[in-house]
């Protein structure tokens, strides 16, 4: 068995988007896509030149097949993914009324992924990885899923697999109190934490990046707080600082920026780059994602990241 | 409150069909439609000139709104329909690989409609109706739904509301043994039963229409057994016979024929027509439904039924 | 017969929009929608919790059926709508070359609605309403239509039904001189007038809101002049003032804002709110309409209006 | 001025067809096409290698532009076509419920083409043509159109231009009695008449091809009666006979076959071929049209006609 | 390096199909798909449970990426595929005028795949395979491609890799004389040959299956001649016979049947089944492919083949 | 033969654009359009009321037919266009990731147009024209094409046909050094040169409009340098100056602006207008093109140019 640079797990769903920017009630035509925070990260890490493994439990139905094949096509190792006939592949609908009014309708409550449990964990697969990536979505899916997350954490800690945790708070999926308790618990056990500022506030009660980082970053943890267009703040036991964001010509689709950022961080960790450089490149990955429609379609290769960093601001013309 | 000629209840879902005849795994574009056996019957009865009431529990989401408005638009009284934030509106996907390989993928297991229960029944509404229409789908959705069905039956029987029962067996939704027991129980309590021959065999073990009718048709019940293109067999305490089917120029979409047939029977019962005439017109309604795409789009008015019965076979030309 | 809070009448058409922003000459694919100022107002008033009746004369064709069912689905009472085989349902095509170059191509000149006449008025229906809503479009459609408008006005005045008049000047439909004469005549007989500033200038020759209001607002009339993003100016015999507009995050589709404003005014009148409050809420309704594609799709409920008024400016995130 | 081999005139409209085979009431997406019997014939004659002129009056709108450019693109001389701002370009919608239930909804009653009149006739253009083609549609459009048709006939007769008349009876456009009178009058003045058998019966009361031909074919006229799949019967003062039809692998779209047949006849007349050969090739043209979707898309070149006549029945494979 | 059960190589292209059955000249909307005989076989062999490797040279462009990811997603090993910036990925357009008039327009003449050459062959990869699959398309693409084919044959023969050859004659790509010479040469060097009857006739001049097999099948070769619906004739040094075809409910898309057949044969060879059984199962694979749209979408798993062989003819109903 | 006001020649291709703004790798649906700099100019000159001839070599395939008919429909004389079976009509795909990241994928390298050569030039046709328009694209297509360009220049110069040259530099098609040499050679022989500022810099090494014009504009040439939104700089032996650009409400599609500008210049030259007026109107034509999607759809008539120049800035409302 080939060992992976990074392993992650969590629900990937089928996303249906209306053909036009109309309330779903009035729209008749829809497009099928693939969406999932953990698989976005896996695709991103893979494009940046590392081996990335992802798994979930999919329904034994055409949508499960679609997700499985799409991720395999993207070069992600999905050999540990399991299928079930007990429940269908989760899906959701996105209603975009206008740029600032986007609504999400889930069909994931009793989905196949919510049945993911302890038995779906391949201990050997996790312990041979260099990094375990976790999000705050998976523990919100079901009790079984939560148990799987904490067991994976134990495996990782026993074998010195570095844990990178992206809170990804989804209050549509569970209660605020429960979410806070569980996510703080995971954060406590993680090595690298990647909250947005709002998420950091949710977890710590603080609203300044430095304060959030102080509270979360005990015991030698690395904390990187995403600040949107402003960039990011980072802090570990040795250094701390701000890295400014990159302006992009046009934000076509903001979704997936955080996943791209996480992929950039993980890639940098795997290359043992200095923290400030890691955060800078992670910023670029996030910036490139938002310039392309779709959550994962814009995830760049290393060449594209380098090109972005070196470009002059004037060579934007179409070359024919 | 206006009293209804017929009342029915049961799950209406949103149906997504692929734009092309491709396996869903490979299809990217989908169309939204409305589908539900009970609401098809309500639309059919309404087009035939009667007042028809339908209710279900819908999700408090855009798909629930779409169904609610569509049925209201079709002239169905949906004033007793309820909404919930606890669960989403059910939906399903239809995969048509070729004319004889059609597959259904449900997202209805924990849908809003499965939460329909005793408290959603308006006793007054049911008892003032002349006919209560029931299908074998509703009791398969959940324990709550089943309880609601049997309570509705009790209300109907107490107030001499005639019960018309269409078995509509859906073995994807429950176990065979349970289905048989419950459906026989409902049949026992019904006044008019409308099985297909296969369904009659499932319920009675007999495979000849006459035998099926004998077993089901005790205590003065009216039994009408649908025989597809061959027509139908009918039997009540006074008369029995076969009515041949109507050939249609082209079967565009066979789904919904049974619901059209049921609407035709109910309309005839409301008009107190003789049984053989009722079955003949019901055959026409079913035949007209299959000549049009969609489950309910082809449901005819009385004028269209009369026109079909009186047409000569040669006047099929386009009139420009 | 249930009496209506508001009654309106006028042509609702089928609108075909090109799939892409291309000159119609070069576009091959079109989408069907419903469009009509009066029916927009009826939908809006209905969503705000009142009973609203609308009628027109529709063609006895699939497009007439589409309009009839769509409005019924939206909860509008269309029981007085009539159908004719003499003429088809009106339709039009919208060519959007760019945001400021939109062209309209009508097929409404001899449409079914233009045949609407005195005999289509149900005196009883109008006289029991609390408000009669009229636009300046209907009298432009034909002589018969104009006669119907003036007869409806007479009925209203005899039975103290309040007349709300929205000029909606359409110079593609009639000559400027004729339009001015007829519309001033209607304004003279109305209780509440809702012109845009341009329309006020057309009717009075004045170009300041206060002057327009002075000229139009004799005999105790209420005048509300729409000033677009700037808000509105109002004046009746007791009070007058400006209400500032609400900025919306994004104007997706400006069409229908005026109809939403009218619905908001009518709702406020029905609730006997103070004039300044009426205008404020009408502004919100108009603002919410332009944030959604389509003329009527964005019309809000009272809850949505309240939510808009109470929202903080920062809680715009997608909740997942 | 270049003189034309054939001149024809009559309304070409924009046709909207639903994206799916659904009743129009329920269909949301439409495709734009071009349709017109006379322009079909002009395209057909042009593809067969002759010069063909067509004219009508189009609306000064995008749909008029679309038709004008499309016909020019097909090589038809449309230099005599006129435009008006008085009325829009005619259009119609086709509802295909199933193969034998097709319904047409016209928006042509007061269309631009109905304003075509005497003044639009260029006497010089008509008198220099070798053949004038007329259909029974044009005189049904308006009194002005009818007058134009009879004036064109006079011009043709004065200058020995051969008149080819295809009845194309459209009873949606005028009354049966009026139609019969006018069409018989035109037939009387024509040199070559191309009725379907039904049309021949309508004009003569006879139902056998030979009898129809006898009644219509006085004074040296050439009569060719289209018998669908059975082929055609022809008769002039010198010869008569049946030509069997050609079976085609698949009838994809039957519309336009008659126009193709007319184009084939006109081409043969221009080449002075023997009548039986003319009819045979006209049959081929019609057969080739129905194997392709659209009214005119399948109209063949001479090479394609020759290829069809010479093909062996086995070389149907795709050549890759 | 994992060794493959089967290795194949050859051009996979992007196929564009019109949205409607219209001549391409008149169609405005197209769908993108993937198409290639060798990759179809690789997908088929992979679905039947074996490891299958495929390679070609793709353009370094989005279409190359699309093909690469799609094949990886289908479980095909494409690790030996190369990319070039010298030429674009090949593509073609399919024009379906009707069921028997399908036309192909290639953009493959100087495509990336035509640059595939000796240097793209990984000797180690080929020699470790159990079967090398070749088609008659690859040698037709260019001189370089032809050289690669013959070199691959040499490698295979040196290492006792069994060669399965499917002639797939494409006379649009080369001259008849050249094709015959080269294909006979390849056949001579192959172990298993899978011609259609026409292809067998092209190669041998014989037109009876037995005669074709005699001429091709010297030196212990296995010959399997595809006879379409009639089934297939097989012959090796030990046995020979006919296997009847399987009727399928509906032929939705005949393309890809031959590739499915080849996949079935290869799977049987890998399992060392008796020849008659191999041909029977290959027939089933081909039959299942034609019941689904697309060249490869209908390729079955072993379970689906078994299910097809064991099904009764009556259980075709939709299970809901 | 009618002599043309302007003659041009060069490749017109079929352009496929994705239905959504997605990377091509992930997009499944495409639209077909027509695109070509020289044909854009021909359409533009024709709309401005002159006769314009265009020719190229097209493939004898449906895409060649589509281009041929489309240009004929636009009123361009394409009588000298030739067809070949040796190569297909060129095509390209446009990938629009966001407003500033547009990528082009060509299938034109061995296209039909690249086979255009000396023998396709009709000397008589060129020498009778008043203006010969050339772009820098045609000489980049092939050696044959380049030879044709220089031969056409010779013909023009011998017969005093004015040569208007638009550099249109396409570095995807040839090497920089070769391009510079050839284009400078053509510029040297031209009468009017229309570079963008970048192109002027490429040809002369200067980066100020005045300097570029000095270097290019020897021997009485007219130089007009396009400066985008800033307008244009012009210079001939008698006068020079800047003309400011026109702001347009919205730039919908910037492609085609340069071709529109060239058409405007040519129209002005044909009318013998003063140079400053020529440049002013050319600016308007370019401005109107970018307000409409598509390269040529927005090309204006003289009336539209006049209207644009005379409009007040406030009359932008939709007239209904």
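Going in written order, the chains are labelled A, B, C, D, E and F, and every chain counts its residues from 1.
What we mean here is this: contacts are C-beta pairs under 8 Å (C-beta built on N, C-alpha and C of every residue); 3 or more make two chains touch, one makes a residue touch a chain.
Since we're looking at a predicted model, the values are computed, not measured.
Student: With chain centres set to the mean of the C-alpha atoms, which chain is at the far end from chain C?
Tutor: Relative to chain C, the chain with the farthest C-alpha centre is E.
Student: Could you label the chain A-chain F interface same or different, taking same to mean over half of its residue numbers are used by both chains?
Tutor: Result for this pair: different.
Student: To lay chain C over its twin chain F by CA atoms, how big a turn is needed, in degrees to the nearest 5?
Tutor: 120
Student: From the mean C-alpha coordinate of chain A to that of chain D, what's the distance rounded to whole Å?
Tutor: Averaging C-alpha atoms per chain gives centres 63 Å apart.
Student: Provide the C-alpha centroid distance between chain D and chain E, rounded to the nearest whole angstrom.
Tutor: That pair's centroid distance is 47 Å.
Student: Taking the mean of the CA coordinates per chain, how far is chain C from chain D in Å?
Tutor: Once rounded, the distance between the two centres reads 46 Å.
Student: Touching two or more other chains, which residues of chain B qualify?
Tutor: Chain B, residues with two or more chain partners: 23, 25-26, 28-29, 31, 69.
Student: Within their complex, state which residues of chain F touch chain A.
Tutor: 20-23, 25-26, 97-104, 170-173
Student: Under the stated contact criterion, what part of chain C meets chain B in this complex?
Tutor: By the definition above, chain C touches chain B via 68-75.
Student: Across the complex, what residues on chain C touch chain D?
Tutor: The touching residues are 16, 19, 23-32, 61-63, 65-66, 69, 87-88, 91, 93, 95, 105-107, 109-110.
Student: Name, in rising order, each residue of chain B that touches chain D in their complex.
Tutor: 31, 249-250, 252, 291-294, 297-298, 316, 318-320
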